[in-house]
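Common to both upcoming complexes is chain A, partnered first by chain B, then by chain C.
Presenting the complex of A and B:
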């Protein structure tokens, strides 16, 4: 979240799209309701009417996979009617930047497309550069290649008719949402966009979110109270596990994973440290070398020296362009290229798309280590229904894990608050926390290398490691230490003392930090700030529900990101009643500002607000994503349509997919699979249900898999409420109980009726007779940027079942 | 000082209401006997965080004699203000679930059942497999002759259940082994 849970109450217009917040973040919904009590309009845009819709002012059903046309139509509405916040757009965004001459867009394809590799040459989308190598900016906006002019032209195609035809939303309903949300383009109004993981689960997932960024930048809603783009994150510590990068492509703190062409630290630094020509741009990532060297120092301690590149050589290097994400791991596994591995606290055999392939792939492993609270579809894959264990070779080690109240440490909530939890009770039986498994395991491996030697033992032997895991020590390691006596702002710190803030991290080996964004969370002066329980506020902070002394928040306890964009050039809040920061008597009051510099009116020292962008401006046009500098509508990989009005490019030209015998994707408008399927979670079950199905009272409340469908579809298929139903896609067959409801209604798409059905994905065969994985239906087609599969939209058929075997 | 809901409730339970009711002539014997048997009496309050979504509602766990006796939302935490959803409210039952795994288990190749093992045997066996795979498969140079020092035949998945400190341990261990196939729920 750019903002935080409580801040939602400050909003004047709440657009919930790609989220069912009332059911999946029920407690957070109280802050949404407070916004309503304060006069905000709540709008729910979602395929299905849910408890979120019931609580909102109105619900607008849209066909799954058409968020970009819906929001693209809003962009067109803003630009055509000049509803954008002009000062904000002029001063804080790249609207006036001139795009290079190679950029082009024709019939759904941007310039630089190579159909053979399904990839773009992104150099074609580069910005025009001046003699100093910096951007060319035309503040008059006369140049037709100014970002805002290209953007206007691009979205002029997103007319009400086209958008209505594709999304299934009436023009009247489109205008209703556009009018209310775009009213927040005024300086003293704020609108927020709330989404959840499902919005990323599309072949255009990244662009769904970018479209919302374009809207929020145009309306001046980033950095302000009640504004922002807020991912309502679903997993318990998914913010923290992303920050600490349990991901192949990054190192902790959002630093690039070393890649083969960067053989030395100097090469890594050169490739990953941006430079700007704009004097008033902070270009925060120019500090990256300090964070990467401090990370290496944290990992290798005294072994890491200037002379040996701080052990950079010991890190693995990935191949450029190679994908090592889990969908690719599973494909390599299916082809017998993986020996073994660790699956801890995740249940891919239920929650990964195209589950039948996942289950077959896991059979190919020699060995597997799982750590779980309960047996799951993953741990017990070797005895799943329909297979003979005597034919399955995989050795499985199943380690009992401790759950939250059995351990201590910190998590990071969706609003980036670092929250400490104490251990309440001892782990059940011989269960252990994950670190008490990995620490002794790594030490055992280390002992084997010491005793026997082996391949490339250096990184294992040289690591700055530990004999026993103590959570407090690792909170300190994450914060970081001085490794040489140092001075910060006149204060002297000894070797071994904690670094007070990331501004003090160095690239000379005198500091360590396992994650620079957390530096400052645990200091000599104030101790472990994640334990703070102090609700004191200034009146200015109280006015917007800011609790700066409760826990701590990254970065540097800044509760609202990009907050320098909430004030005008003189540091005066756009909305004085809900000020986030304000320049008063030569200093900032309110939240921790994005840097100490004075407002931009100070031409010498003032700085632009978007400090993480190289040139300091919010980007409407971004040459970064793999699928284009502007979001564009493409149908899901599986679609009921044979064509759409935006271009002749049906689906994304760059989405990723695999080609094994178990990777079937239906052609557009395949008559065998006429219905759209979307999937979702439930209030009573958590994600794939691996935990909650083992809690009897939760299972009793939501006992079995169902498929929601409209009365019209049920009528056509001769299905009545409560019937057993078979749902089929090219990849699998799933049994479910029919739930015939008015919550889902047929859509009229391009003049014809399209039915959508919805299914939860919380059920699996290890809980007897409740049904089995819905993801056996979902498609193995992935976003080209993130490789997240399109589990929110695929095509299916369904019919009444003669008999059920999965559901009792 | 601002009066919070919790301090107000504490005041209430300190006897204001009882006194009023007593004065009205109610017989409070049964109520006192019930209060004396409240399951959280004498229990230690421990602050934890709900293990489900990223609202991260704070929870008070009541512990007596090393046993969890009750859980409830932390009324002082500014985000949840004491509230919990169905899952958070079921945390206590989750702790008492009879389906919990409590011992390391091992399934041998082609076997149809689990066997209980101790931790030492289990970790030694896993370490042996990791080392054997690493010794055989470590890639020191790529096709272009560049130094890559990576291990592709082993993977690590998970988890967003882990604390920040556990994540830091997992990431460091995996990169130390040379693992590049690393992923978790952020990409599901």
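Presenting the complex of A and C:
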């Protein structure tokens, strides 16, 4: 989230899209209800009418996979009607930047496309540069290659007719949402966009979210109270796991993963430390070397020295262009290239797309280690229905895991708050938390390396490690220590003392931090700030529900990111009644500002608000994503359409996929699979249900797999409510109980009726007679930036079942 | 003055926290249920579910979807007919706690003849009591009398995250109910407080009672 949960109550218009907030965040939803109490309009745009829709002012059904047309239409509406916040756009965004001459867009393809590799040469999208290497800016906006002019041209194609045709939303309903949301383009109004996996799990997932950034920048809704782009995180600590780089593509704190061309720290620094020519741009990432060296120091301690590049050479380097994400790991496994491994904290044999392939892939392993609360579809894959366990060679080591209430530590919530939780009870039996499994395991491996040597023992032997896991120690290590006596602002710190703030981190080996964005969370002066439960606040903070002394929030306890964009050039809040920060008597009041510098009217010392961007401006045009500098509509990899109105490029030209015999993808408008399937979770079960299906009272409320469909489709197929149904895709066949409902309605798309059905993915065969994985249907087609599978849209057929074997 | 609940259905998200918390607090076992084409599960009140959320959906005259949620429970009537009927057969089978207004079934309900137990159930205008075939007792919501008598809120109220449920002294809750009604009426002109004068559990309904549940209101 750019903002935080409580802040939603400050909004004038709440657009919930790609999220079922009431069902998946039932407690936090109270803040959305408070927005409504305060007069906001709540709008839910989603394929199905859900419990969220029931509490909104209105629901607008959209065909799954058409969020970009819906939002592109809103961009066109804003630009054509000049509803954008002009001062904000002029001063704080790259609207006036001039794009390089190589940029082009024709019939759904940006310049630089290579069909052989399905990749773009992104250098074609570079900005125009001046003699100093910096951006060319035309404040008059006369240059037709100004970002705003290119953006206007790009989205002029997103007419109401085209958008309505492809989304299935009536023009009247489109205008209803556009009018209400775009009214927040005024300085004293704010609109928020709340999204979740309904946006990410698409072949255009990243671009779905970028489209919202374009809208929110145009309307001046970033940095303000009640605004922002707010990812509603599902797993309680998914924010923390992202920050700490659970995935392969980054190092903790959003630093690039070392890559083969960067063999030395100097090469890494050169490639990843941006420089700006704009004097009033903070360019915060110019500090990156301090954070990376402090990270290395945290990992390798006294072994990390200036002379040995702080052990940078011990880090693994990825090959450029290689994909190491879980879908690629599973594909390698399917092809017999992986012999064994650990699967912790996830149930891929139920939750990963194209589950039949996943299950076949897991069979190829010689050994597997899992740690779980309950047996799952993954731990028991070798004896799943329809297979003879004797033919499965995998030796499974199942370690009993502690439940989250059986351990202590921190969770980072959606609003980036770091919150300490205590252990409620001791783990039962021999169960341990993950750290108490990993730490002794690592130490055993280390002892073996020490005794016997090995191919490359140094990373293991030189690691600054621990004998026993203590959560408090790791919160301190994440914050970071001084490794040499140091002075910060006149105060002296001894070696071994905690670093007070990331401003004090150095690239000379005198500091460590396992994650720079958390530096300042645990200090000598104030202790462990994740334990703070103090609700005191100033009247200005009280006006927007900001509690600076309650827990702690990254970065530096800043509760609303980019808050320098909430004030005018003189530091005066655009909305004085809901001021986030204000420049008063030569200093900032309110939230922790994005840096101490004065407002921009001070031409000498004032700074631009978007401090994480090299040139300090919010970016409408972004040459970073793999699939284009402007979001463009492409149909899902599987689509009921043979064509769409925006280009002849049906699906994304760069989405990723695999080509094994188990990776079938139906052609556009394949008559064998005429219906759109979208998948989701539900309040009563937790993700894939591995935990909650083992809680009898929860299973009582939602006992078995269902498929929600309209009365019209049920009528066509001779299905009545409660019937058993078979759902089929090119990849699998799933049994479900028909839930025939007015909450799902047929769409009229390009003049034709398109039916959509929806299924939860919470059921698996280890719970008897409840049904089995819905993801046996979903498609192995992935976003080109993140490789997230398109679980939210694929094509299926369905018919009434003669008999059911998975559900009883 | 008895205790009173306000259940403002316009704030309910049907998360079923109340339904689950009720089971947990009363230590009631799970029923084996089936998916029958509805989210409402278990389908009805039963000795193991003293509170359930009922779901009702339809298309209104404009063609818009309406999905109403009704967290159903005993109304703890100010003059409980069920108690009178039970008393006629077995005195003391049911009691009304004078301090809280909680209408309670006692172990003596097991002494009710089957036809008398049936008469008690049929007497309830809200279709609440259920006969436990194992203990032969009548069962229903007990207002969490164990909690309330020591100054705590009923567990369903404590659990509700959205402010759907308000619990307190009747003279405190009634003004809240009337104020909420006034506000809701601007959007839902049909909104009303169901049987407000006769019950301790007052539902704020935004729609005709049939669009929640046939027994959602008596009058």
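To be clear about the criterion, the second predicted complex is superposed on the first by the 808 of 808 C-alpha atoms of A that agree within 3 Å, B and C clash if a C-alpha of one lies under 4 Å from a C-alpha of the other, contacts with A are read in each partner's own complex, and residues count from 1 in each chain.
Note that in this section contacts are C-beta pairs under 8 Å (C-beta built on N, C-alpha and C of every residue); 3 or more make two chains touch, one makes a residue touch a chain.
A quick note: this is a predicted structure, and the numbers were derived from the prediction, not measured.
By the touch criterion defined above, A:569 lies against neither chain B nor chain C after alignment on the C-alpha atoms of chain A. In the overlay built on the shared chain, the residue A:704 is in contact with chain C alone; chain B does not reach it.
When the two complexes are superposed, the chain touching more residues of chain A, out of chain B and chain C, is B. Judged by the touch definition given at the top, the superposed model places A:474 against chain B, while chain C stays out of reach.
When both complexes are overlaid on chain A, the residue A:275 reaches neither chain B nor chain C.
Shared-chain residue A:342: touches chain B; no touch with chain C.
In the overlay built on the shared chain, the residue A:27 is in contact with chain B and with chain C. Of the two partner chains placed by superposition, chain B and chain C are both touched by A:683. When the two complexes are overlaid on their common chain A, residue A:547 makes contact with chain B while staying clear of chain C.
Shared-chain residue A:696: touches chain B and chain C both. Looking at chain A, you'll find residues 26-27, 30, 683-684, 696-698, 701 touch chain B in one structure and chain C in the other. Contact residues of chain B toward chain A in the complex are 2, 4, 46-59, 61, 63, 66-68, 71, 76-81, 83-88, 90-91, 93-95, 97, 99-112, 114, 119, 122-131, 133-138, 140, 142, 144, 146-173, 175-188.
In the complex of the two chains, the chain C residues touching chain A come out as 11, 13-17, 19-20, 23-24, 29-39, 41-42, 57-59, 64-65, 67-69, 161-163. Against chain C, the residues of chain A that register as touching in their complex are 22-23, 26-27, 29-30, 33, 49, 51-55, 58-59, 683-684, 696-706, 721-723, 737-743, 745, 807.
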